[in-house]
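Two complexes, one shared chain (subunit A), two partners (subunit B, subunit C).
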Partner chain A sequence: MDNVLKNSRQTSERAENSYFEGDRVIWIVVFMLAAISILVVYSAAGSLAFRRMEGDTEYYLLKHASLVLLSLVAMWLCHKVDFRYYSRLSRFALLISVPILIATWFFGTTINEATRWITIPFINQSFQASDLAKLALIANVASMLSKRQQSIHEFQRAILPILFWCGLICGLIALSDLSGAALLFATCVLLMFIGRVPVRYLGMLFFIGITVAILALQIGQRKETAMRRFTNFISTDHKEIPFQTEQSYIAIASGELTGKGPGNSDQRNFLPYPYSDFIFAIIVEEYGLFGGFFVIMLYLTLLYRGMLAMAKSERAFGGLLSAGLSFSLVVQAFVHMGVTLGVVPVTGLPLPLLSMGGTSLFFTGIALGIILSVSRGEIEDLEPQTQADEEKIFRRG
Partner chain B sequence: MRRLILLRVRISFWLVGLLALVMMYRIVHIQFVDGDTWRSRARGLDNRTIEATRGNIYSDNGSLLATSLPFYRVAIDPTIADSLVFYSGIDSLSMLLERFYKEKSAVQYRKELVEARQKKRLYKILSMKYISHKDKRILETYPILREGRSGGGVIFEKINRRTHPYPNLARRTVGFISEGDTTKELIGKGLEFSFNEQLSGRDGEALYQFIAGGYWKPVHDVSKVRPENGLDVQTTIDINLQDTIHRVLDKKLRQYDADYGVAIVMEVATGEVKAIVNLGKNSKGEYTENNNYAVGNSGLAEPGSTFKLASMLAIFEETQVKLDDIVQTGSTGEYSFFDDAVMRDIVPYGKLTLQEVFEKSSNIGTSRLVHKYFRKDPMRYVEHLANWHLTSPIDFQMVGEAAPFIKKPTDASWSGSTLPWMSIGYELKISPMHILMLYNAVANNGKMLQPIIVKRVLRANKTVLEYEAKVLNAQIASPRSIDMAKQLLEGVVTQGTAKALSKADYKIAGKTGTAEKVIKGKYTEDHYTSFVGYFPADAPRYSCIVVVDDPKDKNDRYASQVAAPIFKDIADIVYNKFIYKPIPTKAEADSAMLRLPVIKAGLRDELDVLCQKFGIQTFTQTDKDWVQTKVQGDTVVWLENNIQPKLVPNVIGMRLRDAIFILENAGLKVSYKGKGRIKAQSLSPNTAFKKGSPILLRLE
Partner chain C sequence: MYEARKYIIQFVILIGIIIYAIKLLSVQVLTEEHRLRAENISIHAIPEYPTRGLIYDRTGKLLVSNQPVYDIEIIGRKLEIKDTLAFCELFSIDTAYLHKKLSKANYGLQRFKRTLFIKQLSAVDYARIQDRLSDIRGLYPVPRTIRTYPLSCFASGLGYVKEIDQFMLDKDTLNYYKRGDLIGRSGLEASYEKDLRGKRGVHYIMYDRLGIARGAYKGGEYDTLPEMGRDLHASIDAELQIYGEKLMQNKIGAVVAIEPSTGEILALISAPTYDPNMLAGEGLEVSRNFAKLLQDPNKPLFNRAIQSTHPPGSTFKVTEALMALEDGVIDPQRGRISCIQDPIGCHPHPSPLDLQASIQHSCNPFYYRLFMQIVRQDFGTGSSKENERIGLQRWHDYAQSLGLGRKLGLDLPNEKPGLIPSPAYYDKVYKNRPQGWKLSNVYSLSIGQGEMGTVPLQLANLAAIIANRGYYYVPHLIKGIAEREIDSLYRTKQYTKISPKHFDLVANGMADVVRAGTARRAQIDGIEVCGKTGTVQNPHGEDHSIFISFAPKDNPKIAIAVIVENSGFGGTWAAPIASLMIEKYINREISEKSQIHKEKRILEADFIRQKAERDARKRVRDSLKRVQKYRNQEPEIKKEKEKKALPTELQVQDLKINMDTLPYKRPMIPLSLPNSKAAPLLPSDNRKKY
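Up next, the complex of A and B:
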């Protein structure tokens, strides 16, 4: 235990002079992904540029590059903050995300037949409320789990509040984005698993999850889409591969080992949303099998370093926060790849950090910032904590 | 406790790691196991043919008989329009589509389009129907579609389709061409098929790249085969004549409920076919250009008495007979060559001169004469026929010409009765065009020309190839024989079977032919009637043949009653159009002005169209839309009708509809009295007025 403590102190000392503190490997991975993102999106958005901006491809290059920069800034700012603040910040964020989600449901803009976006007044940037809610929920689950470590076997005291928030937020998201909600719910379950929630409760959770999903489908607007996509996916008649999947396969197959080279994608003209929902296919097409493997390895590295940060963390909250966020990121990345590779039914999930998309990029940046913050360890001596009790227990192990 | 957490994290990590392996495996699988399948479906680059434009087929004066026009099939990429455009326009678009295509209901269109959009289908066909360029312009005004390819996702797929400005006329002669269903072999008929090599041109090829926005962009620096557009084919057909004769023949065929009919008009001196009408009865009982009866196999038939001209010519060439030589046809109307070979005339003619034999079309007289002179050497007779190109195809400029069926004495089917029956047009089969060619040669003083229907092949307006009728035989018979033949043919009209034709203002020469049709090996009362001849008889300009197959009239079933009157109608038309040239008197020249229709003022485009339709020459001195007119000789001149804003427009001479359009647009309130064209307007032209002022128009 002391060893771990010493290590973490050393890391933070080593990084003291640098602007970039915390786990350097995470920084490197993030910069690599950001660079790849700008390259691929610039290429993939070519078709969008033709449709919307009359061929002004630079428009999307500049827009995307500045959004990447913005999310890096957000990441840098977040990693400067002591992670223990996030416990309270996230509670606040969770509380406001409920009305925002409801507002989106009623007044949001419909993009691609799903009401997921709300436009922020004045700056006229569309904003996906579920991204905020997702981050807030994961941070909160981490916080709640860490507070209840002592009583983790008591269903009513420990599990029920967590379940309440999971159910509420996932349910609200499911109204317009079923797959996103399912993914979030799964991430929460995974986090609970890591946070020592007994496996028998998790089995029960699975049941609740399905019930909530069906309920949300009945009320929400995505029932038909979901049913159709699902039946499409499970149908054994392989002659009818969905158009997107077929085009994605073509992209992946034509990339071969080393790819067609940056900017040489042909399938970007056929794939719907090549710059977001199917960006991984474009990556493989332009950079080949090696490029695809490289990106997969980057995400795995990210997850591994997030876990290291957890291992180093003295507090359960920090560890669970880091684990929850890195799993959320990486699992979404693999589900996205699963869609492009035909393993998972077609759904519109962006590839974190790589896909074009303002809100998603921004909150991914914040999440990475928080992971980095955890990896730095405790920065300042805070006032005696409310969590003091459970922290001690955690330390004694 | 901490160890348990770390253990569980590790388990989770390995699970995700497993997921990563699955992804890697999938990439490998897609690339290597199914790789070729998927790669073959890629659409990035393509060698696309650039279709050459097919040449036009023209009439003799350049009217279009067949041309290629663009038609469009409309599809949509429903994912392209943004939500606002799509959902605000989809309802009205669906309603407009229902009205436009009349194929599906608005509700159905809406459902399908919304569904296609949700499924992210990038391609949805609105209708399999091809629409004209004009209709395309209409569709382009509809919501969503009017946003174009990049804003609304509309896709117009162009094909060139063969169009016939005169849909019914000479359809069989113009013909068609298409690719066979099973083989890629070209099948077709008529000129389209026969002149395909010239018309089709050569398709080009270029490497194209599919680029954003759904366009194919040619890749430069790659060798590219330029398309060579097809050449134009100019026929000898006179479209007005074709039209008139078509209608004349159609009317008569319906009257007689005939099986089919043919009419060909040929220019004697040039062999040019000026009109060629083939009308057969279709399954609905209507007469359409369904078969090439004039030249093709479907028109091959026993010609009957029209063939007697050949027999007479052969006799004239072989002997020194005179037209007033007496021929005994007997008092019974029957003559038995052999026991079972009995030749009959309609009525017993007794003694006839040779001239009368031909005029009255005596079968006994003709066959006895031929039998008399050629019995010993029937080959001589057939040699004459061969010499006149009646035994072989004429090598007409059209694929599918029928070969005549004419026996030779060496043939196994040749019998004792063959020669006499051949001499009157039986026991042989020949097409109407062939018979006409013989008569045309007589009209042309013995010079036999190969009929032609294609005069030249053009690239743009330059002649590439010119066709002239080949001289098949410079002198088919001695001048004496030709003269005698002409006398026979004139006699048929003046006192013979076609006496009804003698009432024309000009002289017609020709021969009737009524052949009994063989059904199940027996000659029946079903007739093949024809009349072939030329006019004016003293200086022949045009030859013509009319065939009516199987007229079903109780009384009128002979050539003299059926085919000959049609010939007369056609001859009258041709004569009045090409030959009759009255000397224009001074008064008539002046009245040209009076004969021009009253055009005083209106919209230039509309007036142009009208004048074109009526064949009035026009001359434009302005590019303004609204014009006034002046008559100069036989030409109407468009003058500028100055319509200036804020001044009262001049509408005098216009029709009310045009005037109301202009005046109300200018801001005046129109009221009117009377009928016809505008004679006066209450506010003087080109004076200032207040918006909303009333104006009264007086019409007459």
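Up next, the complex of A and C:
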């Protein structure tokens, strides 16, 4: 009797595994974040609904929920693809992202003095090109690093192309979104650090980064904003706390340990972009310190599982890909929380998977899908135990 | 070497998490500051009220102005009075008043709230004590502006402003108004509300955690300045208006004077009137005044000049004369009609009369015949009944084209249309009678009686049409508005269906009325006055006295209609009032002769008292009648009736004795006092100021 039960449980697990393969912890974390996201955005977008949609708050609920669903679908599809495929795919994506970024710079939609969005013709959906470029660059750096592991000490062959692509893509993004570019750059540096690039080249990369940043600031449109925010941040005069940070402090402070409860936020009416750039403040306000720590723990878990995939990976590419993507997500999340907590200069970064925003959600889904694909690949390699494989082994045997 | 990198990364992440945790804890748990601010930070939008536009009369005298006043409010719990006597002296109040207010302010939960201590302290008084107020805790001066009426006249036309109520807020679909806004509720204040109100500004102030204003929000980026309301220049002649109100004291009725060449209204009087300052501002006293005016049986809030409808009486005969001339049913030179006293009676005068003399002597049978001739023309339908219908419709259309029985379009709210009956109207009234209606049912229309109703404004406009010999401008109360032209409706000549050539004969007839006809009392030395009297029978008592008039005959300066309810003949009361008004307007003063012969008598007449006495007598009479009836009834019915409380004889006697305490709303006039001065009535009380 016991055996029968055991067998049936095993078969059911296997059946589940065939739909949701890869690291199950990552799946759980993702579903939790998606659920939290829908709850918090519904609450935080209330004022937006009243401003734009005449109080139809369900509009943003439905829109956001369907976008979350779309990103989950994208994630599922991506995790089904063998990760080795992404090496070639990323090169292609990187090549097309350059003209798209340039097109965005010239023809894009300007929101809050930043040209980051381009409207896709025919479907009339705005699209943030930097998200695509970010993903493509990380995957590509991982790919290039893994290919050149043998000749990693040769500058011309191994390091130069990587530096070129990093500089180009980060520079183009920095024209309109300096913090996003800086974050991407940091992720790439981290990736190279893991990818065994000698420290002297990394030092060189650092100088390239600064040069590119200054250049982008001079040409781009964000110079004043960036300068103002940065001087604001480092100035010791504490009376000059920026408005956003001040409001965000109030949100966090009034949340106390257990929060005001879902939907009871007051600061959503004062904070700019409570549904994206300051969603963490709303989370802490509504769910308290515990809620905030819980979300932080979810991201740390994500990072840990991503790193675990790297550690287990036999192939350099898979490991670097997984590490790069999970770093990119988690670092972005931490910078977002840092803005909310005032330990990082004010910048408008969404919280991956939690904030409202179509493109960001979609590409976060893809990134998570790739991480899962890597983890799945490893599991397959190490212990080929699907039913089909077992049968094959059995027949051959 | 590469193993070390792993630890470096782990170390960096750990440091990051520690920093975050410390910051999160410090913001939330360790510092109180932000939590307090969460409760206290606020941005207040302070509305900045614009000054409401002023209203001037045609000569530039200020009719309505704004006055800054200060209400002094106290919070009972916070108020600290160190020296009671000095405190009383400061506000020039006695200790009794102070104690009364303090006990009110300290009662129950009220002690935590603001209580009105001194109402509407003038700006001068406030400036005097301002310095010393800051030393006293718990005392709050609240600045307000109230409308004041320096000349205390023209209450019915000016209207009043009030704080907007929920009903009006719901009606305001444009969402301009906010709670606490002032809005014009009647009169010119209401009809020119959009000009007068100006545009509200707003000032955003940020309050810090201590609740102290930290100055403008974002440096005043979103603040707007208030725009002052536009000034109105009313067409009213304040001097004439005040004089007219004085003449109409102790009377019920209306006077409307129009400048015929422009249609501007020179005076619009509804009697009895009241002092508009009674309703200025807010507060208990104002609402008490309002209730008092509302309950007054003579209805001072009812603007009789544009809302009361009476049959025009004989004044209507001039319109019929015009119709007859237009339709050619009478030869103005040779057509004569005898006064046969049938079917309508008449007063003694020469007979037979031609058309012009018929106006002079106001012959009733003449106009009966004329009416029949106008209505019974052959319109070629072959049926006399059909002809009559067309005739009456034609008669109706003529009257309406002369501005009777329809809204003229005055720039005041709630103008009443009155009624000129048409065949359709009679069809409706007689619809339950199988044989319908006939001309013999309606012939009293011929002398301006019956179902007809006209508004004093329409009668004045009729006088203006005759004065202009055939056209008019829509009567209006506004001469000009700052920065804006008046409505084009008021600048367009309106013609009637009567051709202008026929008006001269009627004007001559009206001149004869004053020279040697029914209104000799309207004569003024040096001014040729034209007029027509009207004496309107009504079910409420004495006849209404009506007079329409214009002067001088050539190039008229003023057209006027006067109606005095329940007073007597048109020539006896309305005509002298009209002539005094004309004299005042044209000569700017009243000659000694007129003062002795007319003014004194008019000012002394008190029809309100007469009416009150009549009503009181009628009540007693009715009660006695009922008692009589009750006594004569059979004993059985008597028993039955006993259950219902009818006044017993004893009670009726009480009634007779205590007439003064009868439940009348207005201050009582003792019944049996033919000689003694009547108790001062409300409107006349106000008149003392002149």
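Criterion: the second predicted complex is superposed on the first by the 359 of 397 C-alpha atoms of A that agree within 3 Å, B and C clash if a C-alpha of one lies under 4 Å from a C-alpha of the other, contacts with A are read in each partner's own complex, and residues count from 1 in each chain.
Criterion: a residue touches a chain if its C-beta (ideal position, glycine included) is under 8 Å from a C-beta of that chain, and two chains touch if they have at least 3 such contacts.
For clarity, every value in this text was computed on a predicted model and none was experimentally measured.
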item: Combined model on subunit A: subunit C and subunit B, fit or clash; value: clash
item: Partner chain in contact with A:V141 - subunit B first, subunit C second, else both or neither; value: neither
item: First, second, both or neither for A:Q149, with subunit B first and subunit C second; value: first
item: Broader residue contact with subunit A after superposition on the shared chain, subunit B or subunit C; value: B
item: Touching partner for A:R268 - first (subunit B), second (subunit C), both, neither; value: first
item: Partner chain in contact with A:A226 - subunit B first, subunit C second, else both or neither; value: neither
item: First, second, both or neither for A:Y299, with subunit B first and subunit C second; value: first
item: Touching partner for A:R196 - first (subunit B), second (subunit C), both, neither; value: both
item: Segment of subunit B that clashes with subunit C, given the candidates 164-172, 380-388, 488-496 or 560-568; value: 164-172
item: Subunit A residues contacted in one complex by subunit B, in the other by subunit C; value: 190, 193-194, 196, 246, 249-250, 252-257, 266-267, 284, 289, 292-293, 296, 300, 303, 334, 337-338, 341-343
item: Residues of subunit B that touch subunit A when the two form their complex; value: 1-6, 8-10, 12-13, 16-17, 19-20, 22-24, 26-28, 30-31, 34-39, 41-45, 79-80, 82-83, 117-122, 150-151, 209-214
item: Subunit B contact footprint on subunit A (complex, rising order); value: 46-47, 49-52, 54-55, 109-113, 149, 190, 193-196, 224-225, 228, 242-244, 246, 249-250, 252-257, 266-270, 272, 284, 289, 292-293, 296, 299-300, 303-304, 307, 310-311, 316, 319-320, 323, 327, 330-331, 334, 337-338, 341-343, 393-397
item: Subunit A to subunit C touching residues, read off their complex; value: 190, 193-194, 196, 246, 249-257, 266-267, 284, 289, 292-293, 296, 300, 303, 334, 337-338, 341-343
item: For the subunit C and subunit A complex, residues of the former touching the latter; value: 2, 5, 9, 13, 16-17, 19-20, 23-25, 27-29, 31, 33-35, 37-39, 41
